[in-house]
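You will see two complexes here that share subunit A, one where it goes with subunit B and one where it goes with subunit C.
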Partner chain A sequence: MSKSFFVDTTVCTACRGCQVACKQWHDLPAETTQNRGSYQNPEDLSFDTYKLVRMKEREIGGKLQWLFFPEQCRHCLEPPCRDTAGQPEAIYTDSATGAVLYTANTRGLNVKEIIEACPYNIPRASQDGTLAKCDMCVDRVKNGLQPACVKTCPTGAMNFGDREAMLAMAKKRLKEVQAKYPKASLLDPEDVRVVYLTAFDPALYHEFAVASGYASGITRQVALRKMAAPLTRWIRALG
Partner chain B sequence: MTNHWIDIKNSDCILICGSNAAENHPISFKYVTEARKKGATLISVDPRFTRTSAKADIFAQIRSGTDIAFLGGMIKYILDNRLYNKAYVAAYTNAPFIVGKDFSFKKGLFSGYDKTTRKYDKKTWAFELDEKGVPKMDRSLKHPRCVFQLLKKHYSRYTPDKVSRITGIAVKDLKRIYKAYGATGAPGKAGTIMYAMGWTQHTVGTQNIRTMAIIQLLLGNMGVSGGGVNALRGESNVQGSTDHCLLWHIWPGYLKTPRASNGSLDAYNKKYTPKSNDPLSANWWRNYPKYSVSLLKSFFGEAATAANDFGYNWLPKVDDGVPYSWLDLFDAMYKGQIKGFFAWGQNPACSGSNAGKVRQALKNLDWLVNVNLFDNETGSFWKGPGMDPAQIKTEVFMLPACVSVEKEGSITNSGRWMQWRYQGPKPMGNSRPDGDIIMDLFQRIRALYQDGGAFPEPIRNLKWDYLTDGKYDPHKVAKEINGYFLKDVTVKGKAFKKGTLVPSFTYLQADGSTSSGNWLYCNSYTEKGNMAARRSKRDAVNGIGLFPKFAWCWPVNRRIIYNRASVDLKGEPWDKNHWVIRWTGSKWIGDVPDGGWPPLGSLEKPDPKSKWAFIMRKHGHAQIFGPGRAEGPFPEHYEPLECPVEKNLMNPQRVNPVAAIFEGRADTFATCDPRYPYVGTTYRVSEHWQTGLMTRTQPWLLELQPQVFVEMSEELAKLKGIKNGERVLAKSARGSLECTAIVTKRIKPLNIAGTVVHEVGFPYHYGWRWPESGKEDSANLLTPSAGDANTRIPETKAFMVNIVKI
Partner chain C sequence: MNVSRREFIQITGATAAGLAVSGLGFDLSPVKSRAQMLKTQYARETVTICPYCAVGCGAIVHTGKRGAGRVINIEGDPDHVINQGALCSKGASLKQLAENEKRLLEPMYRAPNSDKWRTVSWDWALNEIAKRVKATRDATFTAKNAKGQVVNRTTAIASVGSAAIDNEECWLLQAMMRALGLVYIEHQARI
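Showing the complex of A and B:
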C-alpha cells in the first residue's frame, strides 16, 4: 500500500528532533554553521541536510506568530524531478511505498535542470554533482518502522502511514484547526505524499511551501518530456 | 510534581510560566498538545516569546523577577470575582484558621523583623489555638483575622494597574489571563502550572511557588487530575537525587539534617516531629522517629543500637544558623576556607552563578577531583581564559564516569516515577559507573582508618554491603533504600521474617527492628519484586492515564498526591469525568488514596474515623497562610537584587529583606546604574543541555545552535546600532561575555511605570573548552551570587547588564 506523511505544523514546536534524527539515521555529517541571528540552522537544505525546520517571525492580524515548517521532499505522486531526469536508474519511484528515490547515478544528470524542475526546491547537489534529498527512510519503512523523523517527533506533528489513512487524518485535523484559523489549509494534498497543514497563508512559512509553477500542474520541461515519452517508448519498442 | 507528565493531558487550562516546556521539556508537549486538542487553553507568560509561546492561546511578556506581582494580581482577581471553590477552600485549606492578634504587615515587612540580623522572629505568625491546642477556625471565612480575610487584605494592593506598572503586562492582557485561569475554580475544572528555574532562581524563588500554590488552593486545583503544582525538573533524575538528599539541609526522604544543638537522637526526633492535638489530623510526620531510626539502621546496620542512639552521633551536624548551600560553599572556597573538592557530575565553572568568582575560587584548592564523562571547564579551569597556569597550584584528578545508559539503576522523573533502567552498552574505555567509583573510594578510605585516625567510628561502622563479585550492585542498593525487617516481628497483626523486605513505610519502626534508606521509597522493591521495573500498559479504573503498574511512584505508588482533596466531603469527585479517587461507601477506588480513612462526611460533624485532607500538614489543612517560610506567611513582591527601578511600587522594601546576599570584591551588584541599564535573564534551548558538556561536543547539536547569543528587541538593537547576527559584548557588574546578537520581534521593550525598560536574554549552555574556537563562554559570567532566603538558590533569572558593540 502506498504511503504518505501528514505534517501538522499547528502543533510543531520546532524542537528539531526530526532534523537531528534524519541526520542520525542517514549518518549525515554536521555542517559547520554560524549563528546568523536566527535559531534556524543550517540556513538551507544541502547535500548533507535533507530535513530542515524553517522558522519565521510574522505579525499576523496584530499578533506575533513564530511559524515552523519542518521541510522535506514531498515525494510527489508525479514527481517532476523524476520525469525531468527520465532515467529510472538515477531517480525512480518505489512502487511499494511511493517514495521518490535518488541513486548515485544522479551524478550524471543536469543538476540545474533537476533542481529547477522541483516545484518545492528540494534536491541539492554535492561537489561532484550527485543529488540527494529525503528518501522517506525507505529502508526503515520496508522493515516495518516509521521514518526517523516521525519516530522522534514528540508532538504528533509528524505522522506517517497508508496514504488513505493520512489523508483522512489530515482532513479531520483541518476541520478542527479551521474552527480557530479560518485560513488553515492542506498544501497540495492531491499531488504529494507529504501533506502539510498550515494555519495561515503558506507563503508566510516558506517560499516553497506550496508548489511553484504548479498552476499548470507541471513545468515546461516535464511537459516537453512527457510529450516526447510515448514517441521514445515507441522507438524503443521498435528497436 | 504533585501530578505527573501524562496527567497534563487532563487539564482545562495550562499556565506555563517560569519554564519553557516546548523547548526544554519537549516530550511534555505531547501531553500539552493532547490537552489543547481537547480544548484546553494554553497560557505562556515569559520575558520573551518562546517556542512555547508560539503554541499558546494567550501570551504575555513579563519583566523578569516580577512573578509575585503577576500572581498576586491573580489572587486578587479570583477573590474579587468569587472564582474560588468555596467548599474546597473552607474544608481543605487553612483559610478558616484564626491568626494571632499581633500579626501584622506594614511597609513591606511582616511583624517580627530584626534589621540587624536581617531575619524574622516568626512568633507572631502563629495561629490562635483553642483550649485543646487545636487551631481556632471559622469555616464561614468571615472572622476578620481568619487567613481568608487576611489574604484578601494582603492582596487588595495588587490592582491590575499596579501589577501592570510593575510587570510590564498590559492591563487587558492581565485580565484575559486571570479570567481564563480563574475559570478553573469551577468544580470539575482543572488548571495546572508548569514551572521550572524561571520561577525558582530568584531571591524570591520559594515565594514564587508559594503564590501559585495559593492560587491552586483557592481554585481547588490541588489533588485533582489536570491540576497540581508541577515543577519540571531539569535533569532526568533531579527528582531522585533530591529525594535522596542531594541538598545539604535534608537527609533522604526529606528528613532534616541535624544541627549542632540537636545533641541526641531523642532531642533530634523531638525537635522535628510535629505534634497535633487534633484527632482528625493524620499529621503524618508524627512518624518521623520511625523513619529516622530506620535510616540510621540502614547506614550502620548491627553497629547501630539503642544504646548508642543508632549511631546518630556518628553523623555530621551543621552549625545552627549557618548555611552550607552551593553559594556558601563557593564563597568559602573563594575565601580560601575549603581546600579539597569533588566536582561530581557537575561543571561549576560554567553552571555556577557568578562563574568568574567560581573559577577564581577553584584556584584556592589544594586538590580537585573531577568525576565526569569528559573533561570540562571545571577540570581545566587552570588553563581557562585569564588564568596563568604557572601560578596555580591546584592538583586536578580526572575520574572518568560512564554515561547513564552504560549502567543499570533507577531514575526518578519529575512525576516521582522511579523507573528501572537496564544497562545498554558496556562502559567505554576505563570509565566506570558512579556507584563503582564511590564504593572503591570508600573502601580505600576505610582501609586507611583501620589503624585509627580521628573519629573512625562512622567510617568503620558504615554498613555498605553493596558489592556482588566485587562490583557495585544497584539491586542491593535499591533493596536497602526500600528497607528490611531486621528481626522476626509482628506488625499490625502480620508476621514478618528477619531479612525480608518491608512492604511499605507503614510497617517501619522506631525501635531498630527495621531499616530503610529512604522511607519515601519503602514499597519500591519488595518481596514481590522490583516495582520500578514494571512495564504494564494497563490504566487504572478511572482511565485518566495513571498506569499504576508501569514503574513505581512515591509515596506508595500514589500517582497524584493530595488526592483526598479531589473529592467533596462525601467522597464524590469534583470532576466526574477525570476522577482520581472515589468512595464506594466502603472503600476508595482509583488512585492509591492519601490514606484509607473514610470521607469526612460533613464539617459540622466529621466522621471520627476520617482525617483532614492534607495529611502531611501538622493541622491537616493545606497552607494558604505559610508561617514557616523565611520572608513571611504571604508572598510579597520584592524586586530582584539587581533591578531597573528605584522603587518597589508595592511596598517600601525594594528587595527581599531576608535574601541571601554576599559581600566582597567578586560580589558587586548594580541597581538603577546607567552602566548596566538592561534587564538580563538566562535560559536553555532545546538543542543543548545544562552547561553543554554532552551537547556542545555533539556536532549535530552544535550545527543547530553553534554559538552563545543574546536575544534583544528590534528597538534596542536600533538604539545601540546593533545588526542582527553581529558579535556584541554583554557586561554586568561581575563579568562580560562575547555573544552573537539575535535581533527579534519576540522581545519588545516594556513599559514599566511609564518608563521604557529593555530586557535581553542569554542561553547558559556554553563554555570556552568547546566549541574549538574557545570563544563561546558561559552566560553565568554575568549572573549574581545572590540567593533565595529559604533555599539559597542563586538569582540567575533577573540581573542587570549592558550590551555594547565590539
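Showing the complex of A and C:
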C-alpha cells in the first residue's frame, strides 16, 4: 500500500522536533550555524540535513504572520530526479511505499542536472558528488513504525499513513481551515506524497513550496529520456 | 548504434504504447522493494523521563546489547501518558547527552582575566568553589536590613539551575542555597 504524509502547517509551532528527530534517526552530524536574524537554522537543506523548518515573517492583511514550513522531499509520484538520472541503481521508487530513494550510486550522476530537475529544489550533494535527501525513514516504515519526524511531532502537524487515508485527512482539514483562512490550500496533492496544507499563498512560505514549472509536466530532456528508455534498456540487454 | 528497421518499429511502437498508457512514456524503474532492518532491531529498550523541562515526557532509550552498551537511539515513548510518543527538538536530541564527542569529561577552569581554559581535577575545582563561596558569603552576609528587619541574606551570589536534576536533588539544592542565604535562586529554563 503506498504511503503519504499530510503536513498541516496551520498547527506547526516550529519547535523543530521533526528536524532534530530526523538527524537523530539518520545519525547525521550537526551543521555549523550562525545567527542570521531568524530562528530558522540552518539556512538551507544540505547533504546532512534532510528536513528543515523554514520560517518566514510576513505582513498579511495588516497583521504579522509567522509562517512555518517543515520542508522535506515530496516523494513525487513521478519523480523528475529519478527520470532525469535514468539509473534505477542510483535513484528508484520503492514499490511498497512509494518512497523515492537515493543510493550511494548517485555519486557520478550529474549533480546539477538532478537538483535542477527537482521542482522543489530538494536534493543536495556531498563534496564527492553523492546525493542525499529524505528517505521517508523507509527502514522504520517497513517495520511498522512512523517516520521519525512524524513520530516526534507534538502538535499533529506531521501525519503519515496510507495515501488514501492521508488525502482524506487533508481534504477534511482543508475544509475546516478554509472557514478561517479562505486562501488555504493543499499543495500539489495529486503529484506528491508529502501533501502540505498552508493557510496563505504558498509562495509566502517558501519559494519552492509548490512545484516550479510542474504544471507543464516534465522537461523536454526527461521526456526524451523516457521515450528513449526502451531503446536504452534494449541496448543494455544486448550488452 | 545499429538498429534494423524491424527493431526500430518495435521500439517506437513500444514507446507509442507507453505514451498511450501513461501519458508520458513507460515507467521503466524496476519494481523494487527492499526489506530493511531497523538499527534498533536487537537493541535493549529502557524507558526514561526527559530531563529538560517540567513537562516530563517519556522516552525510550535503545542501547546495544553487546559491547559497551552505547546509546543507539532515543525517541518518544508512545505508551507514556504525557507525550504519547512525541518529543520536541530538545527531547529529540537526547542522545547527544550520552553520545557526544564534544562533551567535556573533566572540569575546566579559566582564571580571572585569562583567555585560556585549563583542565583541573575535581578535588581542586570543588575545593576552590567551596573556598570562594565561603569567602563571598562571609564578606557580604547581611543579618538585618536598613529597617532593622532580620533578613539573613547575601545578594552577592546567585544560583542558576538545574533543569536536569530530579525532585530530590532539587530539594537538596534549594536547602543548601537557602542555608547560605541566597535570594537569587533561578532555574535556567526560565531565562
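Please note the rule applied: the second predicted complex is superposed on the first by the 230 of 239 C-alpha atoms of A that agree within 3 Å, B and C clash if a C-alpha of one lies under 4 Å from a C-alpha of the other, contacts with A are read in each partner's own complex, and residues count from 1 in each chain.
Criterion: a contact is a pair of C-beta atoms (placed from the backbone, for glycine too) under 8 Å apart; a residue touches a chain by one contact, two chains touch by 3 or more.
Treat the numbers as computed from the prediction; the structure is a model and nothing was measured.
Colleague: Quick check on the subunit A-based superposition: subunit B and subunit C, clash or fit?
Modeller: clash
Colleague: Using the touch definition from the top, say if A:154 reaches subunit B (first), subunit C (second), both or neither.
Modeller: both
Colleague: Is A:203 contacted by the first partner subunit B, the second partner subunit C, both or neither?
Modeller: neither
Colleague: Look at A:29 in the shared chain and tell me whether it touches subunit B only, subunit C only, both, or neither; answer first, second, both or neither.
Modeller: The first partner, subunit B, only.
Colleague: Quick one: classify A:37 as touching subunit B (first), subunit C (second), both or neither.
Modeller: first
Colleague: Please indicate which partner A:168 is in contact with in the superposed arrangement: first for subunit B, second for subunit C, both, or neither.
Modeller: Neither: A:168 stays clear of subunit B and subunit C.
Colleague: If you stack the two complexes on chain A, which partner ends up touching A:17: first (subunit B), second (subunit C), both, or neither?
Modeller: Both subunit B and subunit C are touched by A:17.
Colleague: Which partner chains sit in contact with A:176 here, subunit B, subunit C, both or neither? Use first/second/both/neither.
Modeller: So A:176 only meets subunit B here.
Colleague: Looking at A:59 after the superposition, I want to know if it touches subunit B, subunit C, both of them or none. Which is it: first, second, both, neither?
Modeller: first
Colleague: Is A:92 in contact with subunit B, with subunit C, with both, or with neither (first, second, both, neither)?
Modeller: Only subunit C; A:92 stays clear of subunit B.
Colleague: Which subunit A residues contact subunit B in one complex and subunit C in the other?
Modeller: On subunit A, the residues that contact subunit B in one structure and subunit C in the other are 15-17, 19-20, 23-24, 154.
Colleague: Quick one: in the complex, what on subunit C touches subunit A?
Modeller: The contact residues of subunit C facing subunit A are 1, 3, 7, 11, 14-15, 18-19, 24-39, 41, 73-76, 78, 83, 85-93, 95.
Colleague: Note which residues of subunit B are touching subunit A in the complex, please.
Modeller: 22-23, 26-27, 29-30, 33, 36-37, 49, 51-55, 59, 685-687, 699-707, 709, 723-726, 740-746
Colleague: Inside the complex, what are the residues of subunit A that reach subunit B?
Modeller: 11, 13-17, 19-20, 23-24, 29-39, 41-42, 57, 59, 64-68, 154-156, 176
Colleague: Could you list, by residue number, the parts of subunit A that touch subunit C in their complex?
Modeller: 15-17, 19-21, 23-25, 78, 82, 88, 92-97, 138-140, 142-143, 145, 148, 151-154, 217-218, 223, 226-227, 229-231, 233-235
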